[in-house]
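By letter and in written order, the chains are A, B, C and D; residue numbering begins at 1 in each of them.
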Amino acid sequence: MTNTALLDASGVAKSFGAVRALTDARLTVAEGEIVALMGANGAGKSTFVKIITGALKPDAGHVLIRGKPAPVGSPAEARRSGLVPVYQEPSLIPDLDVADNLRLTSTPSDPFRHWVSELGITDLALSDMICDLPLATLRILDLARALAAEPDVLLLDEMTAALPTDLVDRVLKTVRGKANDGMGVIYVSHRFTEISDLCDRATVLRDGQTVGDLDIEDGVEDRVVELMLGQKLDLGQRAMARTTFPQGQTPRLRVRTLAAEPKFSDVSFDLYPGEVLGVVALEGQGQDELFDVLAGFEKPSAGRVEVDGKPVSFTHPADAIAAGLTFVPGNRADALLSQRSVKENIALPFSARPANWGPLNRRHERARVGYAIEKLQIDTRAQGEVQRLSGGNQQKVTIGRWLATGVETLLLFDPTRGIDVRTKRQIYPLVRELAEQGAAILFYTSELEEVPLACDRAVVIFNGRVVDVIDGAEADEQTLMRAAYGLTAAEGAA
Amino acid sequence: MSRFLRKHAWVSGLAALLVVLLIVTKLIQPSFGASGLESIARAALPFAFATAGMAVVVIVGGIDLSVASMMAVCAVTAAVLMERMAGIPALMIVLSLGLAMGLINGALIVLTRVPDIVVTLAMLFVWEGAALLILESPGGATADWLEHAIRGSFVFDGLPKALLVIALGIAIIWLPIRRTKLGLSIYATGSDERAAFRSGVAVGRTKIAAYAVCGLFCAMGGLSLAALTGIGEPVPGPYLMASVAAVVLGGVVLGGGKGGLLGPIIAVFILRIIRTILTLLAVDPNVTTIIEGTIMVAVVMLGTAASLRGARR
Amino acid sequence: MSAQNTDTPLTRFGRYLRDNPIIPLLVFLFLMIALLEVLRPGIVMPIRAGRDGLISSFWVGNLIKFAIPLAMLAACQVLTMLTAGIDLSVGVVATVSAFVCATLSAVWGVAPAVFVALAAALAVGVVNGIGVGLVRVHPLIMTLGTGLIATGCLQVYQRLVINAGTHIPEFLAWLGTGRTAGMPNGLIVFVPFALFILWLMRYTGFGRLLFALGSNEHAAKLSGVRAWQVYLALYVLSSLIAALAGLLYLGMIRQTSLSLANPLLLPSVAAAVIGGTSIFGGRGSYAGAIVGALILRVLDTMLTLLQMPEGARTALFGLIILAVTALYVRITGTR
Amino acid sequence: AGGHKSYTIGVSNTVQGNGWREQMICAMRAQALVEGDVNNIIVAHRNTDSAGQLEDINNLIEAGVDAIVLNPSNPDALNSALEQAMAQDIVVVAVDAGVTAEGAYILSNNQEEYAYLGAKWLFEQLGGKGDVVYMRGIAGVSADTDRDNGFKRALEEFPDIKVVHEVFTGWQQDQGKQQMFDFLATGIPFDGVWTSGIDNVIVDVFTESGAPLVPIVGADNAGFVQYLTEVDGLKGAAVTNPGSVGGAGIALAVDILNGEAPDSKTVLVDPVLWENTTDDGVATISAAQNPNLDPEWPVSVTVPGWTDYTMEQIIACEGPGEG
């Protein structure tokens, strides 16, 4: 490792109207170094990444590459200067196929293909349309495209937030390998495990300002969190109080041999009131479609769903909502009215039915919305339009909507995607609290370590089937991981 | 093969519909033949170019309400110039004029950051006024060779010259663009402007280029108007709504990023041939209006329903 | 969190304008009226007018009178544009309702005539709503198509009533041409109407859903909204508004024609977009559209009175629209 | 003559939804019905430009018509199709305005004369001196250009007449009405109004705003003719411009098909002026008036010497092989 700073950004400031996203952000990366860029939701990480890569123009600040001022006026210029980003949202063109997306950025296709398979995607054709591909694959393609451009500095903004565990491992391994070859990496993430595995150094942003620069070593986590939040946070409340279930009770949601060919073929489980049931699955095991079916977006091809003992079938999400099933999707872009205010986003379900098309009950609305904002501590500085919130705060709004409406059965699909530690630690108790108040919760998460923190039990889905049910008490990461890879199933069969 | 059909299902469906309509025409009027085809191709000429121009800007994610007015400007300019000077230079001037008008539209959209529809709505009036200033009332004259270029058949009967003009005009401009990075950028910008920007596309320049191409097609449309009538008329014809309808019928999605030029051009022919059929059947013209509206809506309805079923992935 | 009080007064003022986009529009309107007064002294305030003394025609009253039907049709565009739609059938629907009302009044009497006129509009609205909401045809094509169909039906219908004569209902003529205290009686309909639309957009669940559908239909679906219900109601409402505007226009022009209100279509779109409504949905303001309609009417007057070739007049009309919106975008920073 | 022939006649028209043109079409149908030799009439009637009219004419040729009667959008623009039609022995008759195609018959209202007649009456009414408002049709359209020539001719004869406002109404009632309101509001005085057919709404503007009426020239539209007899203090003149000239066109086409072609290829139907300032004039107007007619329709529903249908037939608006 040499001491030349590959990239040196300093004094960067940026305001969006009244919101000062960055005031004095600094960052350096040396050759072969992986620097974590950390900060709470809304600290300004993404804004910083966008400025370094030319997607946004800063109000002030310099970017030096190898000690010289670099032209980064636009993403194309930054790319030529050797700075290649993977933004938090997929930046591939939805209506073009993979090959055309490569041509657009003049990315050679052979190295691209190499990286795609290296990163664990095997079934990709260059003629696939981007809009037909799942989110996780898009993230991988974005990364493979960036790697194929042979960047000097790679910037990854919450690259792994939407990835299942197996792909995360591949990504970390690959990035480490490239860093060993001398590439500099800026790595934005809220996941401490990844950061301590991967990074050499952490730069911490708080309220738009760089407040610290630490080497990664044992026990650095507490220090980082302290810097991030400006206060100490009690970490690691692992085991939760568990309720026991009266066995004779009718389940809130009973799913029997449910199938939506070819995505999943045999899913059965019971979800009781007061229970949080985890769903453990690797990418593409049919969990997306399972949630879609339960939420009324898709029709099952076979099987039965009962709510409180009565069979139901949904032709529209409104039917599911009427039956008490509410859904927080994984992709927040699907759930948000990006140009509307936080209030309107949260209050949307209030006026869904024609009976409620009349005058708004504004007092009720204000109270409910206020309750949700407070519960989730949504940063509403930029509340006029949800798209101006930081990604994490947008995610909170999608959950807040059902918190305000009141829940019977909540289908949470990866709700902690891109949410900072503090908020995560607020979300698990919140989920538990809802359950204790009688809600039934189905909880899929791509971060396995969350399962024991929030769930009473977990069903394991592999290859479109429920292969195992694990009790929360025994659900350590190791067990879950083996189950997710279908290993327990194999043993069971043997 | 099935992949090809699925990807091009809409265009294939339209082409099949066109063939069916041609057969129907032949059944209604057994004497319908080469001259009938020729007159349909000629009638389609200005619509085809207006539609091609519109399709390009719709693909880039915009819309151009000023196509008919730009065509009027080009038609009167052609008629005025050709009365005074040689045909070829006049032709070149008209084509560059169209290009320039398109550039102005695009530049105004990018520079003022006013939405496309507003800018082109305003420019609709500006170009219309310009046409009236160039030629106060219908007049001028076009070169004879221009008229002959679109009349009659090429090599053998049944291949109308007008059809060839449409095919060549569009192929010469669009195919090279489609193959270069500009074409890709046009689709990318229409599909997702932010992602395109982040992929290094010069979004502003791409939009301006798309509008310029639209202007160029409008110049061809204006030239075909002049060639058809032999004069220049300063009043815009009914090409705006017709081109929007053909573009949507042709499978280009309003909002951008999807579709091509072939579908819209086939749609133009379908709309023209429907009018021929209705005339041959001596349908009451008031009812004709009703039928045209119904067919337009019905085709899109059927197509939407079919594609919704197909899209259950 | 971040300090707000360090902003300069100028940026604060800019933000105030952005939050109240109606203000720059009003400023434009008054600037244009002032310009008109400079060009033609006495037109706005008829201190001295006419060779034969004071003319009772009070220009401001006329301006408002002619802006009312336009502003009503602009409401149709604002509401549909909120959902990323558009209603290109409103001009025809207004014409149909006016024509049907005038001809049937002479045959069956006023009440049935008005009823049939509204029923015709309702039919168009239902077809639009079904097409857009259930079959998912693009609104532009759908309403263009129903507009064509309605025009054809009107033509067929008019052949049946060529010798029926026409009758303009008195109350419509009173609304359309009468004045009270210098202001047109049409305001008696329009003020409650405008308040209703403003209220509908801001303070009702239905209004919320319009914004929601235009912003992200998938998100609305996720929240349990059955979009087709909203579209159906929306396009029916739009057609009924258009019919109402047509009836008022009939009273104003006191003459039937097969294309009476058709020329209002493009200006109604223009009024909506000048007023800050986005055709891509999710953003719009009816107050802005009303001011937009007034701006267009002032512009009409200005150009009518300027002595210049028709071509220059038309071109100037376009340029001014462009300049107004460009300035507006610059000042408010929205688009 | 023959009596048992069976002709198919094609009609092409490019303006829809305007009372005058609708009357023209109805007159064509009615006349075709009463001509025993016509057993089919194909009408292409829509809003379009010259290129669209070329398309319609070509379609009519494809449909195998024996004669084409058209209201041309432009005298020069249609030659290619018309020449092709005549090459196939199809009789071509242009009504309302002329065409320059060699061999086509023209039976048209004399638009230049129309404007000249009305303007001259107006200027005389003002004693040869005063300010007038000149309300035209659509800029760039042939009929408007012809009328402008006539108006200018009259203007030259009266050097003391000044045009204070010139404007295009687009032949739209609402636009004309708003423009007149604006003229009144400017306070610039004027003594008379010449309109290109948007007439009764102009009278309304004066009565609604309480402004003193000035002499107004319009067309013989049912609504305006009625005003000439009813509105107190209105001095005005209606210049005839019968839409029924279309019926005459059909009659001419059938005559030609039957071998009774007239000597001259061009027949101009000259307009007549009806004014309400003399007793004779009032009597003419009262006779012509028809309050039941669509107010946009010209009251002169027949062209004497040419058309044979009855009032009921033109109002029924049905041709042979239709309905």
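By definition in this document, a residue touches a chain if its C-beta (ideal position, glycine included) is under 8 Å from a C-beta of that chain, and two chains touch if they have at least 3 such contacts.
Treat the numbers as computed from the prediction; the structure is a model and nothing was measured.
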Higher-contact pair (C-beta pairs counted), B-D versus A-B: B-D
Distance between the centres, which are taken as Cα means, of chain D and chain B, whole angstrom: 34
Centre-of-Cα separation between chain B and chain A, whole angstrom: 45
Centre distance in Å when chain C and chain D are each reduced to the mean of their C-alpha atoms: 33
Multi-chain contact sites of chain C, meaning residues that touch two or more partners: 151, 155, 159, 310-311
Residue numbers of chain D (touch at least two other chains): 16, 139
For chain B, residues contacting two or more additional chains: 131-132, 136, 234, 284-286, 288-289
Category of the chain touch graph - line, ring, star, complete, other: other
Complex contacts: residues of chain C adjacent to chain A: 1-4, 7, 15, 18, 203-206, 208-209, 211-212, 215-216, 218-226, 229, 233, 282-283
Complex contact set, residues of chain A against chain C: 15, 17-20, 23, 207-208, 295, 297, 316-318, 321-322, 327, 329, 333-340, 344-345, 347-354, 356-360, 362, 379, 381, 401
Residues on chain D engaged by chain B in the complex (per definition of touch): 16, 40-52, 54-56, 58-64, 74, 76-80, 138-142, 144-145, 321-322
Partner chain B, residues of chain C touching it in the complex: 131, 135-138, 140-142, 144-149, 151-153, 155-156, 159, 266, 269-270, 273-274, 278-280, 309-319, 321-322, 325-326, 329-330, 335
Partner chain C, residues of chain D touching it in the complex: 16-19, 22, 26, 139, 165-168, 170, 172-175, 177-179, 181-189, 200-201, 204, 208-212, 223, 291-297, 315, 317
